[in-house]
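Here's the structure, in structure tokens; my notes come after.
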Amino acid sequence: MTQTTYTGALDLAAGAFLLAAVLIVWRRELRAIVRLLAWQGTALAAIPLIEGVQQRDAALITVGVIVLLLKALALPVLLGRVVGTEVGERRESTPLVNTTASLLITAGLTVLAYAVTRPIIALDPTAATRAVPASFAVILIAIFVMVSRRRALSQAVGFLMLDNGIAATAFLITAGVPLIVELGASLDALFAVLVLGVLTGRMRRAFGDTDLDQLRELRD
Amino acid sequence: MSWLAKIRRVGRMVEPAGEAPEVTVAPPTGVTGSLQLRHVDSGSCNGCELEIAGAFSPVYDAERFGARLVASPRHADAVLATGVVTHNMRQPLLNTLNAVPEPRLVIAVGDCACNGGVFTKGYGVVGPVGDVIPVDVHVPGCPPTPPQIIAALRTVTGR
Amino acid sequence: MLPAPVGGPVPERHVGAEAALSGGLTSLLGAAGLALGLSVIFGDPRHLRIGWLLPLVGVSFDLDPLGGVFVAATGAVSVAVGVYSVGYAKRGRWARLPMVTLPLFVAGLLLVPAAGSVTTFLLSWELMAATSLVLVLSEHRRDAVRSAGAFYAVMTQLGFVAILLALVILAAAGGGDTFATIAAHAPGLTSGTRTTVFLLTLVGFGSKAGLLPLHAWLPKAHPEAPSPVSALMSAAMVNMGIYGIIRIDLQLLGPGPHWWGLTLMIFGALSAVFGVLQASVATDLKQLLAYSTTENMGLVTLALGAAALLSSSGAPAVAAIAMTAALLHLLSHAAFKSLGFLAAGSVLSATGLRDLDKLGGLARRMPATTVLFGIAALGASGLPLGAGFASEWLLFQSLIHSPHDSNTVLALAMPLSVGAVALTTGLGIAAMVKAFGVGFLARPRTAAAGAAREAPASMLAGMSLAAAACTVFAVAPVLLGPTLRHVLGELPTLGGSAEGPALGTILRLPGVAGSISPGLLAAALVIAILLAVGIARWSTRHRPPATETALWACGADALGPRMQYTATSFAEPLQRVFDDILRPDTDVEITHFAESQYLVEKVTYRTRLDDPVEQRFYTPVVRAVRMWAQLVRRAHNGSIHLYLTYGALWMLIVLLVAK
Amino acid sequence: MSALGGAAAALQVVGVLAGAPLVVGGMRQVRARLEGRTGGGIAQPWRDLRKQLRKQQITPRGTTVVFALAPAVVAGSTLLIAAIVPLIALGSPLDSVADLFGVVGLLFLGTVALTLAGLDTGTAFGGMGSSREITIAALVEPTILLAVFALSVPGHSANLAAIVTGTTHNPGQVLTPGSLLAFVALIIVIIAETGRLPVDNPTTHLELTMIHEAMILEYAGPKLALVEWASAMRLTVLLALVANLFLPWGIAGADPSLLTIVLGVAAITIKVVVLASLLAAGEVFIAKLRLFRVPELLAGSFLLALLAVTASYVLAASN
């Protein structure tokens, strides 16, 4: 494809990637959050695919396909199962920071990300690096989600967003990490989700729901 | 997505419209097919209210004939009065009618509004709506069915 | 006859004659200032040195276009205020002292921008501060006035101390007393000196301009002063703070580092948002206007900061736009804010009320005042046809046209400040709609408001002058084009070298594509409104004759005045939205009947809004000062010998240091 | 600017005047069909308007000239916007008179006029509606101006013609994240400003849930007609403006010919119809937000606008 369409597609993917993160902060329904996570996974997978098509690189395309399968299908399905089993907690209980405030904080984080990544762009201003701020912003937002949310599931979502952000940054900066590393990271995420699934199940059996504040009771 | 499926499944649920009845009352302003209504419950048992609600529901859809319920009498062309007029509601009924800009109509819905119904000569009632304000259209029935109400409205809107 | 007690109504006096004298003097001074300022702007700078007046240094005045525009603005405001105060003082039966002080205050205001040397500047500044304090205290019988006066005295003197230190340091380092010599030596100053002077002057002038967090005196003192004085303070005195920042920090100290402009922008944005937030929930008409002053000074400071930042990052053309925006907004604010305070004053003198919750229905009883306040409110809300529109448009243009390639600071600062300014504009609209709609429209909420009478001719005349100025700013800022260009030429470090925006009938921005024409826009709007009226006459012949009926009361018989929305209820949603910032303390107490818990006898709802900054920032400071005072008192045990010892010790120390 | 350019501007005004009620009728019709009803037909608003114009004019006792003049101000400001913005052709004679900031200012002028009218009646509902309307307007302003900012970054200008021509010249920038985010933010702003779901329910009868309706409860006859007409025109103009800012194709150039003007009319009609139908269809699926959840929505749109600006900054730094 031509340079302009390549740039446009890459920007679009990055924008969708970031937008999904913002919407995850915005929404409360756990199902909607999981669906958004799947969208984010798709956007993430699009990045190596686009680059692979641009550079005629089979390995990148394979990575993209695998990421698509993992991040856009496997993980959301697993999380969806967890949501399905969570009776009566389909919504995130009121987060520690109210929605308006967390949206404004998200705005701040994004601006911050654009600020701190300018040197990287200046270093080598290609279309790919120019999309790095978006992925970096996603990393910050993910951390914020993990800090401010109560439910174990939202924590898992935050964790996965973090993983997505790191992966996207890797793709954008060094047109694709080695295949094996990427797979290792994704599989780690997969196992983490499995563990979290088990953990939430245990917690529900122990406390009745998965409000992490209740873990304080384990202290003594 | 289940919503879209439902919408497709249900399709059009509205009852077929009969042919327009002959216009007994000329539309107030000479513009046909537009009638805003302000509903006043002057002492009804809420039977007529239910039927009016039904008349504007998707099943009967009075809106397709140009009738619409509005919030303020200033926006209205006609007062839709239900129930026998109690002593306490006499003045409010008059106030409401005076708030409606000319030219205006009064539509009395239900037997109580037309002739007092079972409440005639009750100690708490003034009488039917006609005793307080001039009524242009009567809709008999206790309560009148949505088709009856719609038929009466169509004689005014002329649609 | 002995001088009458200040402020007290004194029956046996020809108040009328004295009021006419004082007001006339004020207006004459103002007219002189206006003429002088204009002559300097368009002619050559004036120098005046009176050696004998002050030992050692003498008094020297040195008026250039920059000072001239401030002198002219102050003069214009004073003319209107003087005319107005004739009727106001007569109605309020002013005592003699305020009448004497008013012209002195104007003189002080006119001298500050004309001062050519540090000493003269400080003297004029102190004259201005002292006279304004006397005027604020002129109704000192009320407790509110006394506390406000004390607060104002302390704050303004602290500010003065900061300015004094800064200017002394500057004079010492600049090797001279006059600004000219300092300017000559300015490039040689060490960065340490520059920074110290900048910070000190920012504190001193910022407190005078009512910037956060040193604004706290402003919403106390401005409302409690007599309205002509409030107008002078809000429209002319706060400008002196801005003048100081421009003259000392941006002109004498020349182009500062990036963070100077950034600091100005941050303080400006904070002041603007906070001030407008307080204004939008205020229920006291004059306090609302005072907070709006903080807001507008914040906007001006933000524009100054933007100008400094842009010029220091190599965008002189855009910096020139920002500087023009700052000056234009300063001037238009002087116009609409003086009008606003004067109109509020005529409401106050007609009803004795400042509380919007008690006002209302003035449109029928005081039509002229209502129209005039409407003009002021439209100007303050920054909408088209308003006096503030052109300047806020320029500000936005300068913010969105900043160069955004490889400059992180700009890339962060500009979007955020656009957001801040936009929020300020939106809330400002809400505040002004509340002031006008609740205060002047609908029906009177109290008997006092119902008994209002239109203001006398002289007050109306004074207000009309200010209104005329507002109209000029609203539809023909072209008339100010030359003035601003001359002033901009004085400020080479703020893009004065670049060609400023062309304030023609159509405002065009050189360098960046952008144009607007307030005048043509107003004309087109009038035509469009007439067209709409014509459309509404369509098929009139089919209509029954128009009537007038009672309000629709949902069937009930009549609407009492207490059923109306008040200012408090109008602002309630905003107060709720910005709960975290405003921190209102509301309490609802429900008294049930003794018979049953389910029957409510009465519900009382009370809400109080204190200035949160004051709560958090000042109280600890005051507490610390009090503790310090306790310590000091211990050293004073009344024994003369001890005091002599102190003196001796000090002398020893001085000698040792001086050696 | 040519004679035809002026003619095109006049045509825009006439088109908005005539088309706005049809747009509203069409939206009601789409909604009715999705709800399984037949609906009153696309021309229903026109019937209502013609009828209202033939009804008696009522002045509530105690109201001032503000109440009497407000409808004309709302309608007038909207008509002026219709004359300024490039809907059919770029060569509006008023293009240099007001840029996007001026348009926003005119929009708020109308809002303020109606708000004051609501306060002027002195009824409880009037005040309530005004208070809510002005609160939402105040919170909308940052979003709308930041979106303007984002739009003005690529073309280095906030003048409408410049923005539109810039988009036509390199279509690639439509698909940049910046412009997409700005688009979403502007759509939310339009929904809030024109009182559509989920911010306000235009068909409600419950005074306690009203925002826009509560302000105009006292208007009757021709004045009511003018108010309804004006709100329909605002919706139409804003939809058309957004359509042209992001998808300007089909719009006639600065000195149009008759053919291009005809094409422009067709193009803008199609765009508005599509956008309005999408909006109406979306409204079927959502309920009204609680009043104090609206700030969340607006904070979200503010965030999107801010992202739009930052994104377009970074990308504008590139090209």
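Quick notes on this structure:
Note that the chains take the letters A, B, C and D in the order they are written out, and that residue 1 is the start of every chain.
The working rule: a contact is a pair of C-beta atoms (placed from the backbone, for glycine too) under 8 Å apart; a residue touches a chain by one contact, two chains touch by 3 or more.
Note that the structure is predicted; figures quoted are calculated from it, not measured.
If each chain is reduced to the average of its C-alpha atoms, the one that sits nearest the average of all protein C-alpha atoms is D. Across the structure, the highest number of inter-chain C-beta contacts is found for C-D.
Annotation: 49 Å between the Cα-based centres of chain A and chain C.
Chain A and chain B have Cα centroids lying 56 Å from one another. Taking each chain's centre as the mean of its C-alpha atoms, chain C lies 35 Å from chain D.
In chain D, the residues touching two or more other chains are 50, 54-58, 217-218, 221, 295, 302, 306, 310, 313-314, 317. Residue numbers of chain A whose C-beta contacts span two or more other chains: 111, 114.
Contact of a single residue of chain C with at least two other chains is seen at positions 406, 411, 415, 542, 544, 549-550, 552-553. Pairwise chain contacts present here: A-C, A-D, B-C, B-D, C-D [touch as defined]. Contact residues of chain B toward chain C in the complex are 29-30, 40, 72-74, 91-93, 95-96, 98-99, 101-103.
Note for the complex: chain A touches chain C at residues 101, 111, 114-115, 118, 122.
Those residues of chain A whose C-beta lies close enough to touch chain D in the complex are 4-5, 7-8, 11-12, 14-16, 18-19, 22, 26, 99-100, 103-104, 106-107, 110-111, 114, 121, 125, 127, 130, 133-134.
Chain contact summary for the complex, chain D toward chain B: residues 32-41, 44, 47-48, 50-51, 54-58, 204-207, 210, 213, 217-221, 224, 284-285.
Contact residues on chain C toward chain A in their complex (touch as defined above): 406, 408, 411-412, 415-416, 580.
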